[in-house]
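To keep things simple, chains are lettered A, B, C and D as they appear, and every chain counts its residues starting from 1.
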């Protein structure tokens, strides 16, 4: 399941919705990305732009790819858009599987893939000036890893 | 922080306690282990025994090891003991860091280390009979990985 | 053809989206870019460094060689930075 | 010396913990095990296969060679299965 929303998310509630009444899940991993107040300067505001329509399609594609690679029983991707403050949640990924390795790897894969493929762009007010966040080379490297292994 | 307890834990509340008022955390990973109703047979009950005193010491040692290896801003290990039913939470690990790779790796490391080192023993009622859970060779292999890499 | 621009590219072109009639000899994304660069300073600036331009044709990632025949929507944007 | 047994080992020995006076020539965990095996069928059974026995001396993981001088507590248990 994927969602793009301006509102915050409640991690506990999302976990409960995914696991409620189920007794086949052995391992559940969540990743939450948050706005940091320091990123090569003091950050006071983050604004997240996205490509409506394509974003949702990309997230669904990414999620399907994870389900093809690992035996997942459930998964969830939520990405926020709009104005965010330091300490605010940006993104939530949840993966559930019978065993922990699949849940860990799939969550890590989803984040690496999302970072390099889903059409979101971050602008920060950093040291008082608006700046587009630059791509980190390590994010590209993290993504390539998944394709050289297989 | 480590806790050994019979009561359930509330993942959302634990995350909030760790992150509340902080604006320096960029990545937060949680791992939850749950009782599965199938484990080489139908499981109806799990009983967790532990070594009071040593368990807590081991968990603290494991947590310290993770903090030495990765730049973690916060971490938490909760392990339940006593009687558990299918679907119940067993263990919670939370790691927080500025970047996602550290949070993912540390959480995975904590689980691998805990599985092979913390003095807990699981007994299951499986297909109507009480059986001690056997060690999985892949758990030992997962642990060794962390020591051959470095 | 509907063209969309996001983030830094949008700031350079000055528009978020526009309907355009592309010349018939434009058959790939590269052709669209070349044509756009003739439309004024904002576009020239937006597409000055193609190393930092990404594109999508009908909401699927493409590149300069992607054919545009039959497409209804082309988007240009910087490398993505979500997550 | 306080001895503790857990899980399957405890089920074999029939006790969770006991205070014992070890002979003076017992200086390592291996010596403790040899001495325990003379104490009856439950112990013999508990320590029949040392490949599946783990131990801790004063709540720290040890092995058969670990010296016990000065220790106040030795525990025997199967490989751990938490998490």
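Just so it is clear, contacts are C-beta pairs under 8 Å (C-beta built on N, C-alpha and C of every residue); 3 or more make two chains touch, one makes a residue touch a chain.
Here the structure is a predicted model, which means the values were calculated and not measured.
S.K.: Apart from chain B, how do the chains cluster through contacts, with nothing moved?
M.R.: Chain B out, touching clusters read A, C | D.
S.K.: How many angstrom lie between the centres of chain B and chain D, each centre taken as the mean Cα position?
M.R.: Here chain B and chain D have centroids separated by 26 Å.
S.K.: CA centre of chain A versus CA centre of chain B: separation in Å?
M.R.: 23
S.K.: Averaged over CA atoms, how far is the centre of chain B from the centre of chain C? Could you give it in whole Å?
M.R.: Comparing mean C-alpha positions, chain C is 48 Å from chain B.
S.K.: Quick check: what residues of chain A touch more than one other chain, meaning two or more?
M.R.: Counting only residues that touch two or more other chains, chain A contributes 33, 111.
S.K.: Could you list each pair of chains that touch, in label order?
M.R.: Pairs of chains that touch one another: A-B, A-C, B-D.
S.K.: So in the complex, which bits of chain B are touching chain D?
M.R.: Spelled out, the residues of chain B in touch with chain D are 33, 48-51, 53-54, 57, 79, 90-91, 111, 114-123, 132-135, 139.
S.K.: What does chain D use to touch chain B in their complex?
M.R.: Of all residues in chain D, those touching chain B are 4, 6-8, 56, 59-61, 75, 77-83.
S.K.: Hey, which residues of chain A end up touching chain B in the complex?
M.R.: Contacts found on chain A: 10-13, 15, 19, 21-38, 86-87, 98, 100-101, 103-104, 107-108, 111, 138, 142.
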